[in-house]
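The two complexes that follow have subunit A in common; it is paired with subunit B in the first and with subunit C in the second.
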Partner chain A sequence: MRTKMKQNTIEKKISEEKESKENTFKRIVNWFISNLKFLFIPFSRYETLVEKEYDYEKTISKRLFIRRLKSPLTMIGILIVFSIVTIAVFQDWLTLYPREWFINQVYSGAFDPPSAKYPLGQTDLGYDVFSRLIFGARTSLTIALPAILFSVVFGVIIGIIAAYYSGPLDAIIMRIMDIMMAFPALILAMVLINIFGQKMEYIMLAYGLLGIPFYARLIRGSVLQAKSLPYVDSARVAGASNLRIMFRHILPNVIQPIIISFTFDIGGIILSLAGLSFLGFHDPTLIEWGFDINKAAGRIADAPWASFWPGIMIVITVLGFMLVGDGLRDALDPRLKNL
Partner chain B sequence: MSMIKYIFRRILAALPVLFGVLTLTFILSRLMPGDPVLATLPERFTTEQYLAAREALGLNEPLLNQYFDYLSRVFTGDWGQTYTIAKGRPVWDIIWLRFPRTFDIAIFSIIIASIIGLKTGVIAAKHRNKFRDTFFRGLALIGVSIPVFWLGLILQFLFGYYFDILPAVGYKTSGIGDPPVITYLRLIDCFISGQWYLALDYLEHLILPIFCLSFITIASITRQARSSMLEVLEQDYIRTARAKGAKEKDVINTHARKNALIPSVTIIGLNFGGLLAGAILTETTFNLHGLGDALLVAIRYTDYWLLNGIVFLITIIFILINLMLDVLYAFLDPRIRY
Partner chain C sequence: MEDIESRNIANLEMETDKKKILEVKNLKTYFYTEEGVVKAVDGVSFNMYEDEVLGLVGETGCGKSVTALSILQLVRAPGEIEEGEVIFKNVDLLTLKKKKMRDYRGKDITMIFQDPLNSLNPVMTVGTQVKEVFELHQREEIYELLDQKMLEWKNKQNRIKELEKKLEDNETNQRLTKEEISDIKNEIEKLEEETRDRPTYRSILREKSRKILEEVGIPDPEEILERYPHELSGGMRQRVMISMALSCNPSILIADEPTTALDVTIQAQILDLMKDLKNEYKTSVLMITHDLGVIAEICDRVAVMYSGNIVEYATATNLFKNPRHPYTKGLISAIPTLDKKKKELDTIRGSVPNLIYPPEGCRFHPRCDYRLEVCDKVRPLLTQIGESYFVACHLFDPQYKDSPKYEWGKEELERTRKI
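So, the complex of A and B:
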């Protein structure tokens, strides 16, 4: 009897655990929606206003935000980003030749002009240019996004800690950041990739490290301003710990510039990654636009298609992220409200 | 007087950063895989030869000793020798040879870019949300998102091969000869020695790289100039000027422009620093044999001394440019006092 009861309780626990695991994703999404909406809707944190006033402000600002975001250039940007992401996700359905076709093989017809079989021409080893364009989208995004997330997360943490605990800690951290900023970024990236090795993870890591000082500086300035505001003092009086003040009270109020520059930087990183792979600092197992241009650069005189199309893809992708960044800045930046 | 004091203080404040960059380059260069000894040896060598060469380069010493040795050498002006680009020549020689070429391209592009970029930025802001604004903004956005090496390749294809009106690669027609080395700047040397055709040839080769770099720089300067001009146009004193009946042209030219251009100076300076360091891509595309090209060789073949020397030089220039900008600020904006 007793053992049966025990078994029952164990089974219950297991089923509960299963349920909670299933709900984790839902809970994360709910948390984002309920806690982080201020990222997208200005004024949504002003909950102290009278309820009606609050509702009014919210709808107005929401409408304003959407209206400002709805400028034609921004819509083009969103469309471009959306289609690039679609290409990256569904690459296997869009290519003419499977991925295995491009590994360790040589085909006849190097640098042949466009034909019915190869709509955009062929590369140095006889590969199909069009399919390589499709495969390159995923490579760009998978390297750029984690790299920039890495630098945002660590840059924000370092910047907040430096500004909040000012004094010697701040001085030391900021001197290190100054040194990293004074070092030319492209050169540092090449040296780091050379040290770590030419693998996708390491290229991401190198880029992540490079971006940290920028975000740390960006957030440090605004934290220094926000630190002296009354709400920080009242949080401290209410007994909030330093960690809580830093990440629950200050961070949400200073994160908007980060969100804006984040979008720009995705474009910037894709651009400089293309530059690095053009110079040969790339993961040789991946298909990259920049390296395709490198391979075809020597034959620009008689086979321009092999280097023209990858470049067009880079321009379009970067342009998409820049347009979205521009739109977000116009919509979110309170200084440009009247423009 | 206070200005001199300020400059002195700034230089003192830059010293720790310089020191840090030196340390960082030293650590990073020692971490690089690859062996700098191999470049000093002939193609076939014995173990004894290898060990002797290693000893001669001072790589058998403890790392800390090497570090202090390196520091003392850097500050006495001995930046070591390179074995990858040229066998056993001092790094300074390579820098003197390569840097002027990079400098030429950078200075021409920055001058062209600031003249055009500031102009277009002001025009775009003046006609906000009109056709001209959208046009220049779109062009600037494309300029920001275009890869410089790809633009170079396309220009090469168009003007070098398709229309065939400009030389596509290199910095001189092969076999045309060099002017005597006087100031190390090829263009000035040509003029001093009176070899006009050499100067023309050189300029002809520089057109495409300069166009390429300035297009990208114009884009970022335009964006900066436009947004700071818009910010200024929102100010109270502009409204006052309009209210008292000043012509729109006068409002823009005498009231707004000067205030708006001050923030753009920062962008121009930063871009110039970036052009010097980032010319690697352009130089590779156009096969110009400049500083960036040397740097690439240094990284690929683990040349400690060349890498450290070039990075140090670029850092010094970067810091000097920042200092000059801050001094320039005081001249442009009399409200700033140091």
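So, the complex of A and C:
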């Protein structure tokens, strides 16, 4: 909006200039007036200079960010993530067979090779591999995203509080985090599933809980650094409360590494999820890539299509999120480029 | 010892008809570090009067900033305010609860820092930060203003309806003249122009922030409000900081070296601005600086600090005319002048003492040229020696004035000179 207005003013100025060129006397007077302004009105020259500088800087910074994000690998990553999300959202339009066909049903033709009716072959119970790939996308995303959101939200809150108040509270919180970090995620998830039953919620909870210490540590470091900066002092002088300072002033300044790790972790969780369901710990009402691989692993020699395609889907999805995370990291935080 | 201190504090009244606004009594702030207790502020007392500028001068590390932070209770761990009183409008701030204290900060007592480049939050626009101060302290007033404006707005709308009805009636009975009709039409147009935007909480906030930015001499405040701090220059940022500090019309403004990070021309502008605003808002200013030029420019009274103590406290004119304390004398003679050509500038020999193990007695005695025998044994206290003039030095204390002068050994002098 503003740029549009500015364009208008520039056009106006140009037309004015054209008019004034016709009259030399007018031109001289105009020149005088415009320069006298600098002498008599304080800041007028400064104002125009700052305006120019501001416009220039704005274009530069915008261009840089896009250029950084535009590396071919990142574009591939964005493309992959975009298509996986599309598949997950519009799964009912993309499948060949509706979802009901895959629950408590058995069809003829176990491990049959690809045919016109089943473009990527059939599984052990005669299901269509292609349709199951598409249903698997939503499962992966719906488990991975809430789990990570859970760990990000709680990790950030815990980390900020620990770092901001420091002292004994910090020590206690961080030792608890250390203990949590020592838990093996896979085994804890298996235990939880064994106790509470094979439900998606518990898998999510297990991964969400075990992700907390990572984010808490990540943000604690940045907050420890940020809280001694002058802008925190000036917020305190203005009379802001501790909560306000923590979440309104400090958080936006330290959220960057969290965003980057977030994208990385989605890939990681999808991977662990596949591992878990490969081991047989999964929600039987859901269609999962890892479980499909598990079922078809025994027949990999004579029916490779049943395990190959779900595997490829896992690889592509994880790769997509990793590439996006990489690109984001390079674009947002150039210091970490060499890590 | 206690007896003397209480006497000392009671006598700290300046001869002035102005009202006392802030009273700092025997303030002690210690830092508990691993090496030992750093006595950064050790028994500081001074008064601030309405509509005056008090300068707090001293070299780096003498406890100026810590004094200021202690007044606002913003000292960070491991620092702790050990004892003392900070009396603002008959309330001892040090006894207040944290939540109560927050209401004083930003509203009654505010502070600007020496580093304007980092004092604004880099991820928030200038507008959000200026508005935040209003939101924190003036929410109710803004709502009151909003009610008022809404009433006006509604009245205007009703007036439009009235006028339109008049015109409609006129179509049937044709009573109005042509001139009257055109008048009514003009009025409707004018009112419609005025009532185009419905007043909202945000529009009032915006208007207020625009005004306060205009006040501190920022050109085109509408646009500056939308910018991020990194897009502004150092001087502009300091102006924004000042506008934020003054937005709630505080009684006391603490300026912690406000001009140190700026270049000289901008320094002069900022000082002029502060002078003008001080006169306009009737705000008392506590000016912390190590620049005696700044003090001479705007201060009414000066307190000279050395190593956690106030050593001299007087009106600025008296202090510059006739400094009494050897440290102040040293400071003033260290200012380079153009009329005397010298190969070497005057300095105070030695360096600032370690605040964990401060020297016994007077803390300045290892560097003092006028040292007496008692100086390393008895601690001098602020005593009145003239009209509105207080010095903490044995040279002016009737009790010790006549004690023998200390003879500096040659080796001792050499050693301190080397440091």
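Here, the second predicted complex is superposed on the first by the 275 of 339 C-alpha atoms of A that agree within 3 Å, B and C clash if a C-alpha of one lies under 4 Å from a C-alpha of the other, contacts with A are read in each partner's own complex, and residues count from 1 in each chain.
Convention: contacts are C-beta pairs under 8 Å (C-beta built on N, C-alpha and C of every residue); 3 or more make two chains touch, one makes a residue touch a chain.
Quick caveat, the model's predicted, so the values are computed rather than measured.
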Touching partner for A:238 - first (subunit B), second (subunit C), both, neither: second
Touching partner for A:300 - first (subunit B), second (subunit C), both, neither: first
Which superposed partner A:322 touches (first subunit B, second subunit C, both, neither): first
Which superposed partner A:311 touches (first subunit B, second subunit C, both, neither): first
Subunit B versus subunit C as contact partner of A:84, first or second or both or neither: neither
Partner chain in contact with A:249 - subunit B first, subunit C second, else both or neither: second
Contacts of A:166 with subunit B and subunit C, given as first, second, both or neither: second
Which superposed partner A:278 touches (first subunit B, second subunit C, both, neither): first
Partner chain in contact with A:190 - subunit B first, subunit C second, else both or neither: first
Subunit A: partner with more touched residues, subunit B or subunit C: B
Subunit A contact footprint on subunit C (complex, rising order): 72, 74, 76-77, 102-107, 110-113, 115, 118-124, 132-133, 136-137, 217, 219-220, 227, 231, 233, 241, 244-245
Subunit A-touching residues of subunit B, taken from the complex the two chains share: 16-17, 20-21, 24-25, 28-29, 31-33, 128, 134, 137-138, 141-142, 144-150, 153-154, 156-157, 160-161, 168, 230-231, 234, 274, 277-278, 280-281, 284-285, 295-296, 299-300, 307, 311, 314-315, 318-319
Contacting residues of subunit A [partner subunit B, same complex]: 73, 175-176, 178-180, 182-188, 190-192, 194-195, 197, 267, 271, 274-275, 278-279, 290, 293, 297, 300-301, 304, 307-308, 310-311, 314-315, 318-319, 322-323, 326, 335-336, 338-339
Subunit A to subunit C touching residues, read off their complex: 42-44, 46-47, 50, 54, 57, 166-167, 228-231, 233-241, 249, 252-253
